[in-house]
Every structure is written in structure tokens, then in C-alpha cells.
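In what follows, subunit A forms one complex with subunit B and a second complex with subunit C.
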Partner chain A sequence: MVAEGLGPQPAVRLRAFTKNYGRLRAVCGVDLDVDREEIFGLIGPDGAGKSSLMKAVAGVMSFEGGSLEVFGTRIDSEKSAESVKERLGFMPQGLGQNLYPDLSVDENIDFFSRSRLVPAKEAAERKKGLLEMTRLTPFRARPMKNLSGGMKQKLGLVCTLIHEPGLVILDEPTTGLDPVSRRDFWTTLSVLLREKKITALVSTAYMDEASRFHRLSLFYGGRAVAQGSPDEIMAAVPGALVVCKTERQSETLAGLKKSFSDVQVRGSWLRVFVKGADEQEAVGRVGQVVGEGVAELRSAPAELEDIFIALLREKGLVVESSRGVSDMTDSAMPARIEEEGRGGADIEARNLVRDFGGFRAVDGVSFRVERGEIFGLLGANGAGKSTAIKMLVGLLPPTAGTGYVAGRSMLQAPRAIRERIGYMSQVFSLYTDLTVVENIRLYAGIYGLDRGRSRQRTDWILEMTELAGHEDQRTESLPMGVRQRLALGCALVHGPRILFLDEPTSGVDPIGRRRFWDILFRLSRNELVTILITTHYMGEAEHCDHLALMHGGKIVADASPGEMKRRLANETGGLLEVKTDRAAEAMEALREAGFQGVSIHGRQIHLLAPDREAAEHRIRKVLAEKNIALIAVSQQPVTMEDVFVHHVMAMEANGGKSR
Partner chain B sequence: MTALLVWLRRLRVMTVKELLQFSRDGALILFMVYAFTFDIYLAGSGVHFELKSAATVIHDSDRSSASRELIDQFRPPSFRIEGTIERGAEGTRLLDEGKAMVVLDIPPRFQESLLSGAPTDLQIRVDASNSVLGLFAANFCSRIAESFGFQAGLKRLGVAPDRVKYLPRVRNAYRVWFNPNQNDTWFMSIAELLNIITLFAILLPACAMVREKERGTVEQLLVTPLTSFQIMFPKVLAMAAVILAGTTMSLFGVLRYCFHVPFRGSILLFYAVTLLYVFTTAGLGLVISTLARNLGQAGMMAIITYGPMIFLSGAWSPPEAMPRFIRTMMLLSPLHYYIDASYGVLLKGAGINLLWRSILGMGALGGTLFTLGVWRMRRQFE
Partner chain C sequence: MNFKRILAVTSREARGMVRDKLFFAMAFIVPALLMLTFGYGLSLDVMHSPLAALDYDRTSMSRDYLHRFMDSPAFSFRGYLKSERQIYPLLASGTVRAVLIIPEHFQQNLLAGRPAAVQTLIDGTFPFRAQTVKGYVAAINNSFNLRELSLYLCRTRAMSRRRALAGLEPIKAQVRCLYNRNLRSDWSIAPRLMMMVMMICPPFLTAMGVVREKETGAIYNIYSSTITRGEYLLGKLTPYVVVSIFNAVVLWLIATEVFGAPFRGGRLFFFASSVLYVICTTGMGLIVSVLVGTQVAASLVTFIVTVVPTVFYSGMFVPISSLSPSGRVVARLLPAMYFTNIVSGCFLKGVGFKVLWSDAAVLAIYAAALFMLGYSRFHKRPAS
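Our next item is the complex of A and B:
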């Protein structure tokens, strides 16, 4: 379909592109080129302008300023947008959003091919091929609504590709998918695009998906903050990351914050990004500040998120918080800690089961959360995390099993439990038509705080959320990250010692997420608040002291993040990154050769291998047979995603597959 | 003691929250002001159940002095002669097309029969598609025919008009009580006020609750120590305050100021009865809110229950005219009690000694509905 030799124009060219919604600027002055046959990524938080830009390129939305060319055709009217539409495929945001839930897989594909006027014979051939490649053939007769999230997205992809477009535009195709499905989706996409010579413009909210793209653009507040290949972007801000582990974490953190702008807590580690320094110098400078009593101090590879935040700082897009986090303490907390003592389990789930009709959402879940610990439940949408939390806080009665919160049985004393916990639900659960202070006062009243205490807590929350001065603003006008902080504040209004947080950071930008985690860290360390948090961001899991991985209603692993990674490294060896000239074919070849955990990341292949030397030797051999040039093999640290994928695969191989 | 204080504090903050949210909803406030003032004014001044200028067509096959005398009885303001027709079929057509409401057929030899003393027929066809007006027209027509026949009979007997008074007759003199001028404005405006109160008493609490479900804020409330009662009751409390404010606007701004409705009984008693009614009906709204998943569904369910409530209330036809089982079912419509009570207080000046049955009925119904709503509250999420 893509005409060769049509000229050197890129598939998409944007110049000073601007899109407004009323007075709101969604995208302002973006320049961007998507080359033919590349996978171009747009990465950024919700509301960064990714969707607006993609919709304009797909020709389904007008824009206010700048120019847009698709395959060399200038899009400046509805007519010109129509003229390129047959060469485009667009998949909107949301699982299976472009599909019809009551139609079967077959019927959905047929509908798309007919509406795109694909000749019947060709349509049948393409359908067969695409179904095979996405491994959906066995499910052809199944209604779309009964497919898993990953299968829905693959079906969406098939329907988008059935008329063989030259350019596909995929808006957050992997949001909310479990890591296994996500990997599968990326692999399928890479192979399909390569085979059909299709260009792709793909957006994502996950920073760790950057390596999947050939080139990418980092979005924030309607601007492209950086553009280039993943390597180029990583080099955009020179500097080095230093990690250290210490006994006195809070004090060390406070000290570091005075000297460095970019300090973050991640579980038992402190991470410092030292701008403009090389590794040695950075380690030295951090060492000077932390002084004696450091258990471990070394440099570590920076992540895209570190670079992203450094870039935003450089461009002055981050409003620095005026005060350090650790100087805010509620005077009542330590006294209570004295009273109730330390140690012991604050939350315990024992064999919790919950059925919805014939569907088992939670299947025998047990875990223990110690006092003052940050405990993470990590899993995809639909893994059963929220259902488990809802049972513990008394919103849902369990089908079987029981649980204890604050030493009380959730079956016998749900009201006593409710008085002692704070809870933040998945959706923003404050009143958007009330002001900041009205919301806080409402919850203060609900928890029965008297006037004096209510005033004291209101001040504390305003300070913690940095909302002083915005007391009388309606919450609907607050940005996402600030709203979430306020919701956290309201959940803390009565000073509970146990907090349940259900995906609190979903859709929040990285800076907002860091601030949020800063607060959680302080609550946990200084005030011994026990925190149970769910998330589908693999990266966030590393902030937790302890983790339980959930998949298909079951817990597949339960340990500290470091322990999990260590175990995987011990079991399967390290993670190897293979750089070749033809990644998609190399991946096929390595899979056939029997390597474990093979996945494609842009131009690189990742795989797990116990013995690096032997593995490298074999890789060379396999690739040489296929005439694929090997550029480099290097060792990489194991990620949480690798851990998750490994456990799920192991569970499914053992026949423990639940759906 | 402190437990009670905390309980009251919770009730207060939740009620204040509802009122604040209401005050921020400009469109809703506008709709309420409209409904409690202009809408009631329209109902009171615009709708009249009286026969006025009914289009009448004459098919006179006799063309005699007697037939002309009869036709002369159909005069304004009740009737308006639209013309005469030659064939009976034409009358049917005019009725079908809605161009005539009454068709009067006078048979040939009408006068001859009257004079000879033979019985004669008269045909009057009435369009009763609007049943109330049709009934009025038919009644009116038959009264005209009756008195015309009576007069003709007297003439035939040779009784001189001045000697009629010596004939034995039952005199039919009636006095209209409570609304002596038979002023529809009073009846209609009060009826509309009761309808509006009913509508808002169902809708406001139901919508307030369903909105919380839609936005997910209810989940946050459910994990606080609030009981189901503490979550639901403040909504009723706040909305009752809002509705009473609207009722005040309507009572003094429209009923008294524009229509001079006499408030014969105690206004305080009327407020008390209204408050009880709002609680009762709000209970129904809350039950709806536990069944509906979104505002659309809640609205549909409110409309579905609103209809039968009005049919079963006795507002449109007296209970005595209904079949027995429907009369029993009327005991389930809170509006039935409320109409009794409010007409009683406003027009008849009735006191609590006459209304206790209605008040008791409403209370029992409201208590049951509210309990059902509270019982469903937590269960609906499980």
C-alpha cells in the first residue's frame, strides 16, 4: 500500500501545531516529523496533549494553528483530511473502544473491512493472516466483550490494519493492560508493522515503554519537551544517578534535598540525580552530603523519568515546592504511636475469595501488611486488586475467607475498622462543586472532629498538599496531581493509622507522582502509617517496601521488590540486551532457538540467559545463520516488568491459568 | 453525650454539604423557581374546565318555528353556531375533522309531532375526545332538550306560562361550599402546587444520591463511619428545606398574591403536613436511587412512579368513582393523603382532628419507604 519512491516526505509533518479548546491550550507550537516505517512514540501524562495531536493527524479533529502534512498532503480542510483517510488507521484510547462488544471477533473484522470497502477476497486473506499473527484464530466466534483486555487490543489492531493503511495512529493502546499482554501487543505490533511496511504513531503514559519506539517525543503541558531516539533523549541532560541506602533514611533525605534538586525515595533506596556530573564525581558529591553511616552508595543507570523531570526543571516547567517534606509533622501522631506501640500486622487477608456471578474476581488471596510498611498490590486492570481492597475496607462482603484490619475482624467489626482507616478510591472521590476547604471540613465533620481539631487538621492538610491560598477554589478547577493530593489529605483528616489507596496515581504526571510518593514516604517513616496501595505502573512498585503481584485474581509472588528481582536474576540469569540491524527477524530467530523471555524493544531484543558468555556465543551463531548482523550484546538490570512476566508465564505453564 | 454530639455534627455537615451543592447548581435553581412560580401561575390562570364557545353545527330537517326556537337555546358563551348542514353524513365528517364539537340533528316533522303529542326524537352528537369537555357539552345539551320538552309539554297541556308556578315541582337549589364561586383557579393552582411538590420530592433526593453513585463519591462516604441513615437522611433534610422554600414562594407569591386563595386553616399545619409528605415521597425517591445506576435511569423511574401516584391520588377523579381494587391501591399513593389534607387545610379550614387519618397514612407509608431505602443502601453495592 505504501507507494515506494513517492518522495522523501515523512509520513507526518507538523509545524508549530496548535490546538485550543476554548481558552484552554491543549497543544502549543509542536514541530514533529514521523519518518516512513518507524514507530514513533508520544510519551506524557494525561492532559499533555497527546490525544489532541493524534486526533488531528487522524483527521477527526480540527486544529487552530500551524500546519499538518500527512504523506505530503497538507491537511487544511475537511476535504483534504478525507483524501488521506483511506491511508490511515486510527485506534482511539480505551480498551476495545472502536469495537462492537456484542459482535464476535469475525463480525467485528468483517464490519471494518466492509466499511473500508476492501474487496471480499482480499479481506478474507488478510483476515486469516492477521488472525494467525495475533493468535486470535481460536476465538473467532467469541463476542468481543468476552475477550481479555490484551485480546481486545489485538483485535482493535487487526480492525485498524484490515484496509492496510500506510500509517496507524494508536492512542494509548497498552494503558491498563497487564505486562504480559503489553509485551505481546508490542511484539505483535512490531512484527506486523515491519511486514506490511506501515508507519505508526503511538502514545503511552508509561515512561518505561520508551524503549519500544524508534523515536519519540516527550510531552508535557501541550509542549514537546524533547525529541529523538531513546538514546538521544537519555543523553539530553548530562548527569549521573546515584543511589544510596542508609539507616536514617528520613534525615539523610532532608540533608540531600538541601543540596540537590532531584532526590527521590524508592523503597529502601534514596536516588539522587546529579546534573552535569559524571558518575565518579556524582558519587563523590553525594557521599560528601550523606557522610558517615551509609550502607551502600553507588551510581546507577538513570531512567527516562529522571531525564524527563530534569528536562522539565531545565525548562522551568516545574513549580518547586517551597518547603521540604519532612518538616511537616502532626503533633498528635507520635503520641499515638507511643500509645499503640510498634510492630505487628495492621492488615491481614486470609484466603479472600469473591465471585461476581460465575466469575471469580479474587481467588484465595492472602497477605500481611506490617505496621508502618508501604505494601503494594501490583497488577493489570481486572486482576482483582480493587476488589481485594474493597473487601478489606468493608465495601464488598467476601464470598469466602476473612481479613483483619487494625486487629479487628472485617466480618465482625466493619464499623470499628472504618473509623480507623483512610481510603482513597480509584476515581476522584471528592466533591468537584465544593471548594478545597469545604471538602476538608466535610470529612472532618464526618469523622466527628470538633471545631478546634478540625481547624488544626485543615491547616495541616493545606500545608501538606501545598494548597494554602487556594482554599476557596472549587476542586474541579485543580490539576489532576493536586486533586489527588487533596483526596489523600481528606483521607487523612482523622489521622488514621492505616491507609488504603486504590490506584491513586493513575493518570498523574511524573512530577505529581513523585510528590505524592514523597508524602506517602513521610507518612510511613515519620508517622508509622501503614499503607496498602494498588498500582498498574510497574515502575511505582519499586517504591514499596513489600509487593504482591496479582494476576487473574491470584497472588503470583509476594516479596520485597529487590528480593523479587534478585530471585529472578538467580533463577534465570541476567537480562541481556541484543542490538541488531533487523530486530523483528532477530526476535523470531532467538525465540525459535529456545531463549527465554525474548521481547522486542524498538531496535533491541531483551532476553533472559543464565550464563552471559555462553549465551552470547549462541546468539552470535543463531543470528549468523539468518544473516542478521549483531551489533552488540550487553547486560541490563532486571526490571519489575521482567519479574511480573516471568511469574505469570510460570503460573500459566503450571496450568494455574484462570481465564 | 459525645456520641450524640458526633451524630448531630455528622448530620449537620452532610446537610450543609447538600445545600451547598444545591446552591452551586444554577440550572436546577432556575428550574425550581420556574416550577414553583410561573408554572403554577400558568396552571391557575390558563386551564379552565368550562364549556366555552363549543363549535356547534345544525342539521335542521324540519325548518319550523319549533326547531328555530330550539336552536335559539344553543347560545354563547357556551355554544357557538358554526353553520348549518344539509346531510347527516356531513356532520360526521365535521366531527371527524374536529371542526365541530356538537352536531344537533332535528328530524323532519319535529314541530308536527310536538303539536300532535306524538313522541319525537332529537339527536345530539358530541365529540368527547376531551372527556371532561365532552361530558360538559352532553350535559348542557340534554338540559336544554329537557327544558325545551318540558315547555313544549306545558304548552300542549294548555298551561299558561304565568300559571306554571302552581304546578307541583321539586326545586333544585344548591349551595357550593369551600369554593363558592366554583373558581377553577383555586383548585387548579393548588393541584399544580401539589404536583410540583411531588415531582421535586421524588427527583431531588433521588438525583442527589444517584449523582454520588455516578461520580463515585458515595464509595468514599461508605468507608467512613457514617451509617446508611446518616448518608441518606441529610439529603432528605436538605431537599425538604429547599422544597419548603419553594412552597413558601408559591403560597404567598402566587396563590395568595395572584389568585387570592383564602388560607382558611392554619398555615403552620399545612407546612407540617407538607414536610411529612416530602419525607414520605423522598423515601420513594431514595428507593429509586438505590435501583438506578445513573441519572437517566433515575429520571425514567421517577416519571414511571409519578404517573400512577397522580392517577391514584384522586386529583383527577374522585375515589368514589373508581373500581374497588383501585380504591384500595389508592391507600398506597402518598399524594392521595396529601391532597385530602391540603385541600382540607387550605380551603376547608380543617384542623388536625379531621386530618389525623391522612397524616397517619402518610407517616406509615413514608416510614416504610425510608426504611426500605436505607436497607437497600449498602446492599446495592454488594
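Our next item is the complex of A and C:
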């Protein structure tokens, strides 16, 4: 049901909204307005309060303080919440978790339309339209549990929209999805919302999805740190980003950290956010600090994450790590360079295959990880990343193929491998009722370290993973980011030369993630630890020296992040951003006109085109035919997401063959 | 109340229950399986206890004495032993549960009018069973004594055998057990098992069914929709009640057909009370499900609130009248006891509505109270 015209009130109005769970304050004092027919985003890490707020708006959870109005109705009781539910649709968090696994696609939709009392005829019509729109029609009879993640999410969307609500509340609909499905989901959502004149409140943990929203709110620690359109937020902290590349990365980093608060390593690049400076001034100031011997030094467009962290710093919400990169090394670490004198690969996968019943989770995966390198395995949930890692560390026998870790065959010497590696699993294997130090000592005991060595290693770990000050805290009381560092510390207890990290940053906030990456960087550069890390954050991929993209059990690309982007830019030209007055319609028109990689980002369209001038000319023509006003066309740098989507599309076009 | 919405919830629930393998097993297989395993395993009759004998006398009289044991269905004779050394290993391994030791000169002493002592060793690890075996030994021994004494009287006092026996046993106890003439424990246990299984299974099914939705987040489909909580509970619980009623019929068939328990009461009354009881226990599952949030917690709490009371306070193993005064109060506060009354009344005693209406009425009140409580505690807008 759509509200009659554009009413005077916004779809959602929150004032001083507060939600507590016992003594825990989940959301405190948030003011927020969602206007009619806009896509409003809530961006923030796990535990920032997004879900609590959305549940309250959906009327499925009570709250303690402040006021909430939905379509002008004040929600303060179960009764008032019920009165607006006819006009709401809510999709809770979790990939298809709220759907019914044993019911088919059809039956799932039917349940939602029947429980919403949609008349049978209308329900059938809407279902047909929505299934077509989401391209789910061929799968109507398939039980929901046998759908892919992307299809589940689209089915969830169909179920949420079947009664044509005026407002949909979607809680992290894209978390864990592969970039192709994510793009597809956003496109579908944008088109449907515009067609039906629906307002949407959508949350995400991915900073790079900010451009999908008309307006958004950045959440951290239960507060809205900033609000506005993506452009407004990007302008909230004046400053410029400078990137540079040097031979002596560690020293340069240490030097920069002394002068600037926001310094970050990303693969072979150092990134510095210079607050309050324009581009030229920023480059100059950074240049002064790094001095001679810089291979490259230039300004670059800042990302939302840079702004987010700068904002948190302004508001005093960031606890700084007390030291920069010291030259601290563990003298007692095994002299691994002597032990394995010859250079080369520390980890090598050769045609690894793993079947689970009739399902092939890993399909002929090969890659090499050089000593001291940070190697990223990037892919969606279910791409086969964890399975590949488990085979390499000897937790799971491969169906076919083999692998070498630290020069030893994983088939013949799994024990010897295990002594030389550290493994941090997706679920941090920590004992939550033990303190930080007790956890480290426990792992020292498991690896058979004697007392003296155990004490020595504990001190080293506390320093390396920046856990000083938390020693005697129970693990259960630690925030996610600290737990993650402790889990890393426990994996380091026996001084391994190779680290396997399986999605270590899932659910950790951006600041925690940055700090974690700083530690990984030190381990890699100062301690020469080889690191294999998996992640589904596209942005994080850029931290790696080398990258393998996984999709459907296969590796679809394998190169350094910069190389990958360069190749894509060479192959397809560049990324163009098209600003129009009607984005959804423009997207359809441009797709029909045969443009590649067309996707919708809020009010903008992104597409790939080789020749900018010719492309702009064609765009102008296509849009003019549909009477869509073109506001601007601009060149944008390609992102990891573009790279990933491009490779997956190419693979699917090739009939599933990789590379 | 909108019937269409209730139907939407019910049909979805029913489909899920049939298609989910685990749920299907819990709904349709577990109850019958529980009934069968408990029924066969829980027989309280002590029959065919394995017995061995060490006969030092080896006379016709000692063999005669032993034959009385061999012929009794209470014992199953496993053979003669050769020496005392064999006894303890056999008892320790559980191969035999009792050993009779007949001393030398058994016949000689008896014929000379001197008493003879026969030692019986019984495995006392299960007091109840040992007590029963002891009783059998005493009874068989007694009857042998009586016969010997009567023969002695016949011989010495020239009495007829009948007079001798009558003189020896002036009062003959004529005991007749009503309702279960042969005191077959399976007759009394099978119907009570019905009570127990129907106390455990419906709450499990219900609690898991509701809590599973909470765990996956599917409950938000309900919370965020226009379905009222009454409609949801009615739609959601109807399939569980229907399945449980179906199970009650299956269990009734197992009790009467497989275990051969006699059913003497009114079928209609019994069916109606079973329905009440099942609604009652489904309501208990509902209460559990509104209190906890995870399936693990739900199964634990359900176990505690169903199994414990049925074992101790339902009259299943221990009659309510044998409980301590406080135990009797607890028993009266729980629904299991009332259905036990109905079950044993309908099966063995053959009574019906006239005698048992009050028990049925308590169940009805109970069911109504549980559902009212569940309804009042279930909210579509909880605090967390």
C-alpha cells in the first residue's frame, strides 16, 4: 500500500532514540529522518546499533527512550506498532534465514502473500512480475534451501515486497554475498523501489556500498556519527588523501606516523589522510616527511572509510594504538631464514579439489604464496575459501590434488606442517571464560612450550598484538576487535613462520580492522611471516601483496590488486560515472544500448567504456531518446568490486571455465 | 481472528513438519519408538531368573526339592554346579541370579525328622528384584515343607492327606486381584507409558518448533506482519495438537495390540480426555518456548519440566498415595497424575466419565490456563 501522495511527514522520524539491553546501551540518542521514496542507508560495523534501530522501526522490538514515528504514527506500544505494520516490510539479518528452507520458492512467496491477506488474483500477478524481475522464475519449484545465497536474498526481497509495503526495512541484505549477486541485488532493489514508490531503510557493514544510497547515516557504538548524502558525508571532514610507494616501506611508515594521525599500509602503497589540507598542500606535506627515495607520490580520492575514521577521531571515539612500527623482533624466533635458505614459495596449492557428496566445494585450485608475502583469497561465503585453507593446514583431506606448506607435502607431512604454521579459524577458538593471558598460556601449553619460553612468548604476543592493558580481562568481556587480536596472538604462540587466517575480520569495525592490518603488516615485513588470509570485504583485498579471486570453488583471477585493476582498465577502458535525473530508467536504457558493467549507485550509474569521448556521445544519445536528462559524466577509478564482477561474468560467459 | 491467516500459518507449519526429516522423525517416529522401547524394557515382572544348584546330597529327595524350582516359571534352571568355587564367578558375571546349595545328608536328616538347611545365594544388586526372588524362594520352600509335613502326618498319624493339609493350614488366604488378575506389570505399565510419552513428545515438538523460528529469525516474519498473536499461536500449534492426537491413537493401539493391555472403559471418553491432555502438554511446550530463545535451552528446559515430574509425581512407578505429604501436593499440582488416573481407570478398571470426570475437568482447566499464560507472555514487540 502506498501512502497518498507525498505526505508532509517523513516515512520514519526518530528523535533521541535509545535502546538498551539490560545495562548495555545499544543505541543512544539517535535523530534520524527517512524521507519518502528514498533509499536510506545505515552503515556501520557489527554491534553499532543498526539492527536494534531497524527492529524498532519495524515494530518488532520495543525501545527505552526517545520517540519514533512511522508514517506519522507515533510508535510507543504493541498496539500502535501493529497499526502501521500493514504498510511495512521487514527482512531480518542472515542470508535467507527468515525463509522456510523446506518450502519451495513458490510456497515461500505464497505464505507471505496469504499471511498478508493479499487477494489471490493480485498475489499471483505480483508474484509473476517479481519473479521475472528477480529472474527466479525458472526456480519456482526448487526448495529454498537449495538456492544460492544471492537467490535466497532476492527471494527474501520478493517475500518482503509481495504486499507492496510503503516502507521496507532490510537488515544487511548483502552481507556475505558475492559482488555479482550484490550488484544484482542493488539493481533489482533500486528498480523495484522506484516502480512501486517504496521507501527503504537498508543497513550494511560494507563501507563501499555507501554510493548505493540516496542518503545515509554512519553508525558507530550506538551513535550516528554523520548523516547526509554520500557527497555530503565525503565532504564532512575536509582533507586530502595522499598515496606513496617507497622501497623502505617500514621506515617510511614509522616516519609518517610521527607526523600524521591517519596512516595506513595497503599492499605496496602507503596512504595518508591529511586533514584540513587541499590536494596540493597535502602532497607537499607528505613529501616533506618521506623525503627522497619515493618511487611515487600523488593525491588520490579519499574513501568513505577514511572519512569515517577521521570523523571518529574528531569525536574522540578512537583509542590510538600507543606506538608506531617499532623494530621489535623476537630474538628467540627460529632462525627461519637460515633454516630455509632457498627462496621461493612457502605455500603452494596444486590443483586442489574437494567434494562434499555431489557438491564440488573446491575445483582445481592452484596458487603460490611467496615468503613474507600477504596473500589474499577473496570470495563470497561459499566460494570455497575456508575449504581450501582447511585442506592446506591438514584439517581436511583433499579429494584430489596436493599442496606444499613450508616445503613439505601436505599429504605426507601434515604434522611437520602444523608445527610450522599458525591457524586462526573463522570462529576465534578462544576460551571466553579465561583471561587474555590464560588463553595465551593455554595455547603455549598445547604447543608444549616450557615455562621460560612460554613467558617470553606471552610478553612478545602482548606487545605485538597490542594487548597490553587487557592482560587480566576475561575474554568474554572484550570487544570484537580485541578478541580478534588475541586470537591472532594465540595463533602466533609457537612462533610459526606461516599464518593462515580464515576471515579474521568478519564483523570487526573499520578501526579494529585497520589496527589488525597494521599488525599483519609488521608480522610480514619485520618478522618475515608469510600470511594467507581470506576475506569477503572487497576493500580489504587491497591490503594484500597478492590476490586470488575465488568464485564457485575456482580461482578466477590471480595477481596483485594494482595489477588486476590496471588490467581491467586496459581491457575495458575505464569506469564512467553517469549522473542523471532518473537513475533506474537510465540504467535500463544504457544496458539495452549494450554498455558493459552497468550498475546503479544511488543517483549515479557506473559503466565500463574504452573510449570516454565516444562513450559520452553515445550515452548522451541513448538518454536523450528516453528523455532522461544527463547531468554529468566523469571518469572514476575502477574498484576491486568491478574487477571481481568482470572476472566472474567472463567466467560464466565461458561456460564455467576459469581464466 | 482471521481464518485465512491462521490457515496460512497452519499449512506452512504442516508442510515444514512433514518435509524436515528431523521434525518428521520427532513428530511421527519418536513417540511410538519411545513407547515400544520403554514397554519392552520396563517390565517389572521378575520371571525366569537364571538359577544354578550345587547338590551335595544327590538323593531323590534333594532332586525332588530342586525340581520344584525348575518347574516354576519364576526360575530358569541353568544346571548343576560341581564345586563351591564355581558359584561366585557365575553370580559376579550375572550368568545366574540365584544359587541353591543343598548340603550332604539332606534326605537322611529329613527322613530322620531333623531339620536341614538349604542355603540360597541371591544377587542383591537390584533390591527390588532380589526381594522378589527371595519371596519366590521362600514360597517354593514353604510349599515343599507343607507337603513333607503332610506326608509325615499321613505316615505317623494315619490321617488322610486332605485332613493333614487342612490341619496344617487352618486359614487359607483367598486373594483375588481385581482389574489385573495375574498382576501383569505390562498391563499396568503400557497405559501409563502412553501418559508418559504424551507428556514428553508434544512439548518437545512445540517448544522446538517455536524456538527454531526465533533462532533463524523467521519469527520476524510474524512479528513484522499483521498476523495477530492469537492467530499465530492458533495456527502454529494446531498441527502439533493434531499430530499428537494422531500419536495418542497410535500409542493406544500399541498398548492394546502389542502389549495386550485390556481396554475396558469408554472409548469416547478416553479419546476426549486424551485430546485434553495433549492440548495441555502442548501448552507446556508453548510456555517453554516463550521463556527461552535457543533450541538447546528449549530441549533442556522441556526435559526438566516434563521428564522429572512424570517419573516422580505421575503415579507411573510409585502410587501417589505412597508419596510424602509434600510429594502428594506437588503431584496434584501437575497434570500428569490426572491423566494417569484416567488411563488406569479406562484401561484396567473399565470406569468412565462418572468416576473420572473430575480428572478430565482438571486437565481442561490446566490446558486453558497454560494457553492463557502462553498467550499473555507472547509478544510481537519484545524488548530483545
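One rule holds in what follows: the second predicted complex is superposed on the first by the 642 of 659 C-alpha atoms of A that agree within 3 Å, B and C clash if a C-alpha of one lies under 4 Å from a C-alpha of the other, contacts with A are read in each partner's own complex, and residues count from 1 in each chain.
Everything below uses one rule, namely that a residue touches a chain if its C-beta (ideal position, glycine included) is under 8 Å from a C-beta of that chain, and two chains touch if they have at least 3 such contacts.
Just so we're clear, the structure is a prediction, and the values are computed from it rather than from any experiment.
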Side-by-side fit of subunit B and subunit C on subunit A, or clash: clash
Touching partner for A:62 - first (subunit B), second (subunit C), both, neither: second
Touched partner set for A:85, first subunit B, second subunit C, both or neither: second
Which superposed partner A:441 touches (first subunit B, second subunit C, both, neither): first
Partner chain in contact with A:115 - subunit B first, subunit C second, else both or neither: second
Selected from 117-125, 207-215 or 243-251: the stretch of subunit B that, after superposition, runs into subunit C: 117-125
Contact residues common to both interfaces of subunit A (with subunit B and with subunit C): none
Of all residues in subunit A, those that touch subunit B in their complex: 393-397, 415, 418-419, 421, 423-434, 438, 441-448, 450, 500
Complex contacts: residues of subunit B adjacent to subunit A: 6, 9-10, 12-14, 16-17, 20-21, 24-25, 215-217, 219-226, 381-382
Touching residues (chain side subunit A, partner subunit C) in the complex: 21, 55, 58-62, 78, 81-82, 85-86, 88-90, 92-94, 97-103, 107, 111-112, 114-117, 143, 159
Parts of subunit C lying in touch with subunit A, wherever the complex brings them together: 2, 4-5, 7-9, 12, 15-16, 19-20, 216-218, 220-228, 379-384
